[in-house]
Amino acid sequence: MLIGKHVVFLGGDARQLEVIKSCIEMNAKVSLIGFDNLQSPFSGATQRRLTKKVLSQADILVLPIIGTDDQGKISSVFTSEEIYLTEEHIKALPSHCLLFTGLAKTYLKNLCESNQVNYFELMMRDDVAIYNSIPTVEGALMMAIQNADITLHDSQTIVLGLGRVGLSLARVLQAIGAHVKVGVRKSDDYARAFEMGLNPFYTSELGEQVENADFIFNTVPAVILDSAVLSHSPYDVVIIDLASKPGGVDFEFAKKRGIKAILAPSLPGIVAPKTAGKIIARTMMKLMVENVAEEGNLQ
Amino acid sequence: MLIGKHVVFLGGDARQLEVIKSCIEMNAKVSLIGFDNLQSPFSGATQRRLTKKVLSQADILVLPIIGTDDQGKISSVFTSEEIYLTEEHIKALPSHCLLFTGLAKTYLKNLCESNQVNYFELMMRDDVAIYNSIPTVEGALMMAIQNADITLHDSQTIVLGLGRVGLSLARVLQAIGAHVKVGVRKSDDYARAFEMGLNPFYTSELGEQVENADFIFNTVPAVILDSAVLSHSPYDVVIIDLASKPGGVDFEFAKKRGIKAILAPSLPGIVAPKTAGKIIARTMMKLMVENVAEEGNLQ
Amino acid sequence: MLIGKHVVFLGGDARQLEVIKSCIEMNAKVSLIGFDNLQSPFSGATQRRLTKKVLSQADILVLPIIGTDDQGKISSVFTSEEIYLTEEHIKALPSHCLLFTGLAKTYLKNLCESNQVNYFELMMRDDVAIYNSIPTVEGALMMAIQNADITLHDSQTIVLGLGRVGLSLARVLQAIGAHVKVGVRKSDDYARAFEMGLNPFYTSELGEQVENADFIFNTVPAVILDSAVLSHSPYDVVIIDLASKPGGVDFEFAKKRGIKAILAPSLPGIVAPKTAGKIIARTMMKLMVENVAEEGNLQ
Amino acid sequence: MLIGKHVVFLGGDARQLEVIKSCIEMNAKVSLIGFDNLQSPFSGATQRRLTKKVLSQADILVLPIIGTDDQGKISSVFTSEEIYLTEEHIKALPSHCLLFTGLAKTYLKNLCESNQVNYFELMMRDDVAIYNSIPTVEGALMMAIQNADITLHDSQTIVLGLGRVGLSLARVLQAIGAHVKVGVRKSDDYARAFEMGLNPFYTSELGEQVENADFIFNTVPAVILDSAVLSHSPYDVVIIDLASKPGGVDFEFAKKRGIKAILAPSLPGIVAPKTAGKIIARTMMKLMVENVAEEGNLQ
């Protein structure tokens, strides 16, 4: 429980609302900064302005999932004001205050480290990446079904990468009835894919493997579907590229060859914003409770 | 094989192209009527006009999936001409000629029966309905993912009906990670659902069952989701109604209550036209070969 | 509920104990005949002798799963006495009395029919066959694992028949990682197997299909694995024959050829007697409640 | 390929035969030491005695899966002679020679290291552990089915540990229809189990979790099912302990409480010796080819 703890939210998007809701439910004292346009305000939370005073009373400070930009700008979809997080603000935080964000860019990282602020980057966590693989998979399914004139069922389907996303994806495609092959580079991934009936191959042989592919789903963050590989694939293959920008496909070559290749980033927030918000809320709550409790013990 | 057999196609849509292709591959002599605007004409098939002469030489006559209308009009997306199938045409067919269509309305049925023409309705077949359940399921998935802000995974999901579509659908939803419950009315369907881990209930208890539903997929061709039932469901449930028109939902009531309910007919041709065409081609070929062979034996 | 109803049990084996338990729980008045050696007697049930008097007061009479033999002999593992069910006994039953058994042989059938006794044969029901397929499958798995020196995973496995047992079995073998092919003879079974990824073939081609089989599971109650077929199979194939006696294998030929073929009847009672008992109890309770209620309405 | 390479086998059990077969197929020159009682000798391999001469001509030396004992004794089921591997033997090996075994005890490890012999321990590899999880799972299934009077289907089943064995096992139990819960201690394992529908819990709460368990499968190599936990479990739970000796159960307490708890070590070699042999052969071949090729490049 977070009874008596003061949690300050500084900006964010729809996903943050789930976190605010959870904090209120856990009896924290909640302050919101940069949420003045919120359509249905929370009973149990107080709107405030960004001042050193407020921050000096924070036990927990929650920044947006995307942190700040390189100038310290905080983005919030719920305000029209510009908000900047400065060194002064950070210095105002009490020493026991915990800071939560999704990903910390250099600016924020430096600020925290030089001022000894204990910060948590949620998107760097393995568990969060696995939870996020779930809406990612559903988004990938949707895109594949929208973009092909055949079914996934009974199709020749390749999944590249057996990491957090790849494993979830390959399993679901198999369950839908696709003939799945998985491209990996480690022998233990090869063995796991074999155990799961996922027909592994080593990505070193990718050229031959794509020859009769109907669908290719990429999760490898490297240009693995380059011109050499694509020149072996059928013209009517559908490629869904999930790897973060710039993706894993030579898109220019694909276009020239008439291959449909689609870069599909940020699917969780698009296909299932509420689930995406809950994933963050759940993990943040767990971390808050664990770390605040620890604090308590130390005092 | 169909060597030497004369197959005449009379109208149709994209799905028919797969059947034409298959007939050519099986060495039939192929005539096309009502295909004059075909973009890439088939080598191996001859374009013809609708005459009694051509029909009198047909071993097999293939009508569109949707047959004729009640005046005998043949629809074809590949011609701008109007084509009508009359009693004269039917009388011109040799007595051994087989007629294939998807569904025969009364007009066509009467014509065939009063003239002793042996006809096959593909869409009445159990196997075709099962094959078609596959693209139907993928279309339903796509619509559910598009229309909800949560994932199917970990959702409370109800499938109504465990027939040809319902069984395929429930299985896939379960594999994706939904908590699936299946509404049935026969004790053997109940038992099969139990065996497959699909948490059956009898549709007589539908009211209580919908209380915490996130998704409801309906395959029952009867207004089963009526106002009495819908008044028990959450406001934010997403309903995908697959049953043929008018569907199984009291749409007016759903709208009043603010429930998202979507009628989603004819999915196979929409989400996977090529697969839908292949399903028809494969079944038609099988029937042709079986029945022509028999004929052969009799001669 | 069975409040006030008098249920008389006449013999049976361990599976009947679950039924007795259920009747007591539903507040029936329970009489037991042929249970004098019961180790832990039921509180809530009365031991009796077989008399016309008792029977004349029965609302429901429950015979063993295997009914009577052709002389009317009732088998019971819980008594050392010989018990016979005669026409006199049947005549003593009140006209509204319902009789339950697993399977009625000619003797019992005739008795019931000539005396207008309303009887239920549980093992003839589709739902019971499906429920029983579950322990049957687990028994078949166990026997296959015991009898081979390779894993089911990654094996070439054939399931013959896609009926109540075949469907359950094929699904589980596939989930364990076997490469499953299913032999069927109906086009809709073929389609369903295809939809489920079970690689169907028609049993007319069985000879070619067995050529590289590691395991064959038979559920077809006909000698389908005859010498002609077996002469195509590898020597080290393991055959588990589930079909009721005499099974579906030419065992003599198999032995000559050195093939391990095992007839495995009555698995539910062997591998999971408690589950097998519950299946019967659940179905019998449902039927009793439904039919007794109906009775009630009529009176 | 291993053309021209000299592979020397020194002892072993049935699993080694698959390796020998593979080496012959890959055109290696094969010498066998300690295989004089082999029932069906390999054409393509030569029986030899253990001499320094033979070893001095070896490119690859293959020891038994279990290596040597602490005195250097080599066990072989195919000879009645006693064979010892001494420092002299190791010194005789050419410097490029590769040594393969399953697990190297201190004696062998020291010998190899002090003489700079390049050795490979197969059982330490992640991929081998995953491959071996497959026959382990089938053995565990078999034992569970044999030892319970209910089905796995619809049972309350707990799997402890989501490592190489735990993941394979939980997946299969779920597919068979058990209600599976998985006990883990890492948040990413928790997330993966959630994604796979495996209902995770933290092992810190094990006590409450076992309360309605029908089956518990343990893969955690620590006494996790201690008296405190077992005192919460039902009397009729069936425990299958897969962890290597001494296992994860307080067996004495279990016995006192009347709980059936079975330690089931070394399942792969017992339930599927041929598959177990192939796993080793496949991995060894891969390593030989990779490492011999490298050698070749260096020369």
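Just so it is clear, A, B, C and D label the chains in written order, and each chain counts residues from 1 on its own.
Just so we're on the same page, a residue touches a chain if its C-beta (ideal position, glycine included) is under 8 Å from a C-beta of that chain, and two chains touch if they have at least 3 such contacts.
These are the chains along with the protein names UniProt gives them: A, B, C, D = Dipicolinate synthase subunit A.
This one's a predicted model, so the numbers in the text were calculated from it and none came from an experiment.
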Number of hops, chain B to chain D, where each hop joins two touching chains: 1
Comparison of A-B and A-C (more C-beta pairs in contact): A-B
Most widely separated chain from chain B, with each centre as the mean of CA atoms: D
Distance between chain centroids, defined by C-alpha means - chain B, chain C (Å): 37
Distance from chain B to chain A - Cα centre to Cα centre, in angstrom: 40
Chain A and chain C: spacing of chain centres that average the CA atoms, whole Å: 52
Residue numbers of chain A (touch at least two other chains): 134, 153-154, 177, 194-196
Pairwise touch network: line, ring, star, complete, or other: complete
Chain C residues touching chain B - in the complex, by the definition given at the top: 125-128, 130-131, 133-134, 167-168, 171, 187-188, 190-192, 194-196, 286
Footprint of chain D on chain C - complex, ascending: 134-135, 137-139, 141-142, 145-146, 148-154, 172, 175-177, 271-275
Chain B - residues contacting chain D, complex: 153-154, 177, 194-197
